[in-house]
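In the two complexes that follow, subunit A is the common piece, with subunit B as its partner first and subunit C second.
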Partner chain A sequence: MRTILKIALGAATMLTPAAALAQETVRLTLWHMEQPPHRVERIQELIDAFNAANPDIVVSQEPQNWGEVYAKAPAALAAGQGPDLLFAIPDFTPILKDIGALTSVADFVEELDGKHDFIDTAVEAYSYDGGVWAVPLYNMAMNLWYRKSVLEEAGVEVPQTWEEWRAAAEALSRDGVSGMGLPANKQLYTDQTVYSVMVNGGATEIYNEDGTLRFDNPETVAAYEFYTNLHQFSPADSASWTWGEAEACFSAQSCAMVMQFSVISTYDTQAEGDAEDLGVAAIPSKDGEDHNTISYANAVMLLSSDEARMEASKKFVSFLLEPENYGRFLNMEPGLFMPVTADGAQAESFWSDPMVEKYREQIETVIENSQNGRLFGFTSGLTFPSIAAISAQNIIAETLQSIVVNGQPAAEAVAAGQARMEEVAR
Partner chain B sequence: MQQSKALAFALVAPALLFLGATLGWPLVQAIQLSLQDVRVIGSPGSFVGLDNYARILSGPAFWNATGLSIVWVVANAIVQTILALVAAIILNEKFPGVRIARSWIILTWIVPTVVVVVIWRWLFSTSGGMINPLLIQMGILERPVGFFATPWTAMATLVFINSWRWFPFIALMMLAGLTRIPDDLYEAARLDGANAWMRFCRITWPLLAPTLGVLAVIGTLLSFNVFDIIWLLTSGGPAGGSRTLPVLIYETAFKGYRLSEAATISVMTTIFLMAFAVIATRALDRTDR
Partner chain C sequence: MRRSLSLNALLGASLAFFTALIGLPFWWVVSGSIKLPQEIISRLPTMFPQSFTPQHYQKLFQASDYPVYLINSLIVATSTTLVTLVLAIPAAYAFFRLTFPARGVLYRSILLAYAFPSIVVLIPLFGLFAKVGLVDRLPSLIIVNVAFALPFSIWMLRSFLAGVPKEIEEAAVIDGASTLKILRRIMIPLIAPGIAAVGIYAFVTAWTEYVFASVLILSDAKRTLPVGFSGIIGQYQIDWGLLLAGATVAIVPVVALFALIGRGFVSGLTEGAVK
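Let's turn to the complex of A and B:
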């Protein structure tokens, strides 16, 4: 009896650590760049729901900002203090992949695709070098926003071609109002607006298939010339604009039209909030056909090298993409973040949000526009790591500044832009 | 004698060790990094000797940034000295509320940089900002202007904002210098028939000069290293018009992913500033003697 007791005690003693290990909580850190308090709050609600449903996993969020994360994440990972999950845009992944911090999540993405059906372009931007380096989470697409009443009053139709666009901007520029709010800052927003014009003028590709640059071409020059021409109808301080200033200009009715991912939130809370009067259209194209735009599929990178943490991370991402949670996730900023999955686009949790219900017409247009989305450096099915440095240094925007601020001819500025791209790509 | 030397060394040693750990070691690492070709933090690099130095010195970016840094320092020194001197002279007078004024003047200095940036960005904005309408009402402008829209207006606006932030600190230092000037000197000058301007030129300025000299050295070093206000307001733009050396270092390291090149610029900047500090300190010593 005593022997049996000893064996039982021994076994129990040996099993205790294993049992404790099995019960050990997996702690995950999520870095994201959705800093506005209401977005942080919504993400926390989802994290709380996940943690409650998964007692063995504790996710915590640490909001970062886009301005710093490109430098902070590699440093944190090098110091072994990096996050387990990190939100990304396509040009961010090559940086972390190059320092060996990323492993392909192709199998996981395939599994999620089978379940939710990703929009193909959302996955393509993260698929290169034989792997898939992040899981797409939400889409953003640039659009042309206006007030229907303002256009009607000026007798202006929604522009379809570049010629109509310029004429509309000119006609709408009166009584201290700028016809078209366009940034010319050396910043990501300007990269996005310039590229939105480029893709509508046949200048979609920045790279040749062999990885050499083809930025310097007649289509790009024409796009820059048109943008510069249109920029004269923009407010005087637009050379220092970021997204916020454009939204503020539109809300304050100082800008008749703006190019923006979404103005719904500021229009609803800081302007009239009249859904009937808010217009959104595809970015006009040179000849009025095939309207394109810049479109970003934001994603999440899974960075854990530890198997248990990686599995927990996948569980959390799967939770976010479940239709009952996904709509709530997207609506942390209603009207800005669009679904990247087929079942997400139909999700009750997405469409039942009061703000989404109110601006349903506009959001449907934005989703439609995003179907023709492009992103510089990720258009040919091939991805070249140098796009990270080109994007981080905002060379597309820098080229515009040479024209708008320094008065350099577009052809010269574009040639210099290509030289800069080649320099940073070396 | 030897004992007192040992005691002096023992007393200074903790400070030297602290400086060595917090300044010396990072500097050694920066020099080491500048001799390699590391791009992203955490990635490996190989030894390239002085290649980075040759590349930086032969390119225009470093020299443009150096030129802008000098413009930035000189412009700030002029604007801040004028504002601070006027404020210090006023605060050195005896009038009701002078004590409150001396306390309140430091308000701009204690406000966090981010708040300063948000305030001025909004004030200068053409959409709802106050400066443009005010200048139009006063007849100075015909239509709104973008203060950050051209290189020179952006630089001038940045100098104004930075000076607005820092002049109270310098004013208080000057005020400390002014209070050390004996009233008897002014009294005697008045009896000799000297007017206010003559009293300033013959008494205030010469006796304040040592304080101004120290402030010039400290102010130059502080101004040279300003990064936050410039980055938050213009990010070095437009068209590189406010890309001073600290901005260039940040851009090169964290936007261009050329950590070693950024370290090279940092090392050269440090050498330049150290040389300036040594020369200026010796000049001040000589003046004191």
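Let's turn to the complex of A and C:
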């Protein structure tokens, strides 16, 4: 009996530290929307490295879909089943902020900024109402993609102005090839391409400083008129395009030029993959002066209300932004995700990826273009919650459809677009 | 009666047209899934593959969680089908053969389940399931799928039950058979084609359900095929080969189900039941 008691006591003594350790382990759940298998795999590699280096923290990932996360995250948080870390784009953050799920991470972002030097516009997209609501992680900026050989053969220079752009699209439209692949779908991709034209025609702001809408203005109308004019050189099915169709059109050489965040991955794996021939440029501007673009600084929101979990979340985000890890993180999709920090843009871990090495010239241009990134509703340092509804309803794209598909004059369509924005903003 | 040559030709042409109309998209998906990426997105599409590669299937099964999604979908769809049948058959029999108070009202009101778009009940349902610990569990999907498949299944079985001559039941009653026995030994065998139709309907409904599966399931390991698959094909950059391979595999269980029980459709409903 005594022996059994000794064994039991010994076992209990041995188990006590383990039990204590288990109690101290902080478990974090990360939700992100990078679902393709190779991205999930890369994030898992980083999580494994972090977990190994931090035995007191266990991070696990649950990939989600952009299509549902806007409804799913608030519901899960309300039910107490939400994540500790959640990736975001700027128009997603106000939704969670409005339900009280976010606390400002201004101090943490400032600390990281001192260490890594964020691109200003990346932080601005999450800075409003006296706080910073997410930590920028990576950038995506729209660019003009083309094949150098195709432009050379047609005797066309890379367009700088809207006039040159239209002329190039017309000259390149021959032998069944569409000069310029532009979407006209009521979908986010069209929001992005239309806004990329708007920001290059002086129509960057859609809000006045007092929160009223200023979408209906002559610059916006001119941008829509130009876009519509250019759209005639697009394939007939482009009114139903999303990103994938545009990329396929370019890769198949059915489109001479497309506007896209990146075509590198598809061009390399599904088309000729000739890095020397792939051209990328800033979106042409109305007068050829400043070239702007739409850019999405993707970020991570820290949602834990528990202090220990919040600290652990910060530790994980800090880990991701360390230059030796950051490049590996960005290269979960080489050529698509761009650094938002100065030291990340220099990181060996970023430039040593074989795909990045191969397309270094193009990626450097994309990073340069992303410095002039803008995002509708997040441009003036004042962000209004209604931008989430305006974005979710794709009203910018809807306005274009009224012109391209329904034949409505641009001025009327833009006025109707503003009315729709006001309606959903109420 | 002999059909004229021109009528035969017209029927043949119509048949060929509709076969092509239905079959070509399937052929496009299946044949595309074994083409090289360059051929899939080629400017000049090829009807017959000029290249062959198993790479999309390899990626699908080796580098993605597709097999997990497939198994989850099979569990949810099969369970939904079985539960729907177990509930729909006695319910339909009760509605059409038994008399009880408010039968007509109840019968009509079950269709109210379709009065609300699923998106309307999504968030309240999430809260409800969260309270009982069913969020992120496959039974939650089975419950929802059954709830939506059941009313229509009961209605579908009505026409099949109505086709069974009353004399058969009356003969069984005279022989002393209980209600349960009549249902089990007489009605179910006679309405087998209807049960097959309801089974296929419930299976396909559950197999393709997206909205609830996308919200009620949080973790990747419990995701069903439509939701999981939509994620792995990518958003900004679509892997077309992976998409086609996944779509090809996704239709296999449905085709197999039709092959297995589809013959029930062509058998006579009450052939030889009454002399």
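We adopt the following convention: the second predicted complex is superposed on the first by the 404 of 426 C-alpha atoms of A that agree within 3 Å, B and C clash if a C-alpha of one lies under 4 Å from a C-alpha of the other, contacts with A are read in each partner's own complex, and residues count from 1 in each chain.
Operating definition for what follows: contacts are C-beta pairs under 8 Å (C-beta built on N, C-alpha and C of every residue); 3 or more make two chains touch, one makes a residue touch a chain.
What you see is a predicted model, and the numbers here were worked out from it, not measured in a lab.
A.B. asks: Once the shared chain is lined up, is A:Ala388 touching subunit B (first), subunit C (second), both, or neither of them?
C.D. replies: first
A.B. asks: Is A:Trp66 touching anything from subunit B or subunit C once the two structures are fitted on A? First, second, both or neither.
C.D. replies: second
A.B. asks: Of the partners subunit B and subunit C, which touch A:Ala308 in the superposed model: first, second, both, neither?
C.D. replies: neither
A.B. asks: Under the stated touch criterion, which partner chain does A:Thr269 make contact with: subunit B (first), subunit C (second), both, or neither?
C.D. replies: second
A.B. asks: Once chain A of both complexes is superposed, is A:Gln401 in touch with subunit B (first), subunit C (second), both, or neither?
C.D. replies: Only subunit B is touched by A:Gln401; subunit C is not.
A.B. asks: By the touch definition at the top of the document, which applies to A:Pro235: first (subunit B), second (subunit C), both, or neither?
C.D. replies: It touches subunit B, and subunit C stays clear.
A.B. asks: First (subunit B), second (subunit C), both or neither: which does A:Ala419 touch?
C.D. replies: Once the two structures are laid over each other on A, A:Ala419 reaches no partner at all.
A.B. asks: For A:Leu336 in the superposed arrangement: first (subunit B), second (subunit C), both or neither?
C.D. replies: In the superposition, A:Leu336 contacts subunit C only.
A.B. asks: Applying the touch criterion given at the start, work out whether A:Asp98 contacts subunit B, subunit C, both or neither, answering first, second, both or neither.
C.D. replies: So A:Asp98 only meets subunit B here.
A.B. asks: If you lay the two complexes on top of each other, which residues of subunit A touch subunit B in one and subunit C in the other?
C.D. replies: Residues 68, 71, 75, 78, 248, 252, 254, which sit in both footprints.
A.B. asks: Hey, which residues of subunit B end up touching subunit A in the complex?
C.D. replies: 40-43, 124-128, 143-151, 154, 233-239, 241, 251, 253-257
A.B. asks: Going by the contact rule set out above, which residues of subunit A touch subunit C in the complex?
C.D. replies: For this pair, the touching residues of subunit A are 33, 35-38, 40-41, 61-68, 71-72, 75-76, 78-81, 140, 176, 243-244, 247-248, 251-254, 261-262, 265-266, 269-271, 333, 336.
A.B. asks: In the complex of these two chains, what residues of subunit A are touching subunit B?
C.D. replies: Per the stated touch rule, the residues are 68, 70-71, 74-75, 77-78, 95, 98-99, 101, 184-187, 235-240, 245, 248-249, 252, 254-255, 388-389, 392-394, 398, 401-402, 405-406, 424.
A.B. asks: Any idea which subunit C residues touch subunit A in the complex?
C.D. replies: Going through subunit C, the ones touching subunit A are 37-38, 40-43, 59, 63-65, 122-123, 126-127, 130-131, 135-136, 214-215, 218-220, 227, 230-240.
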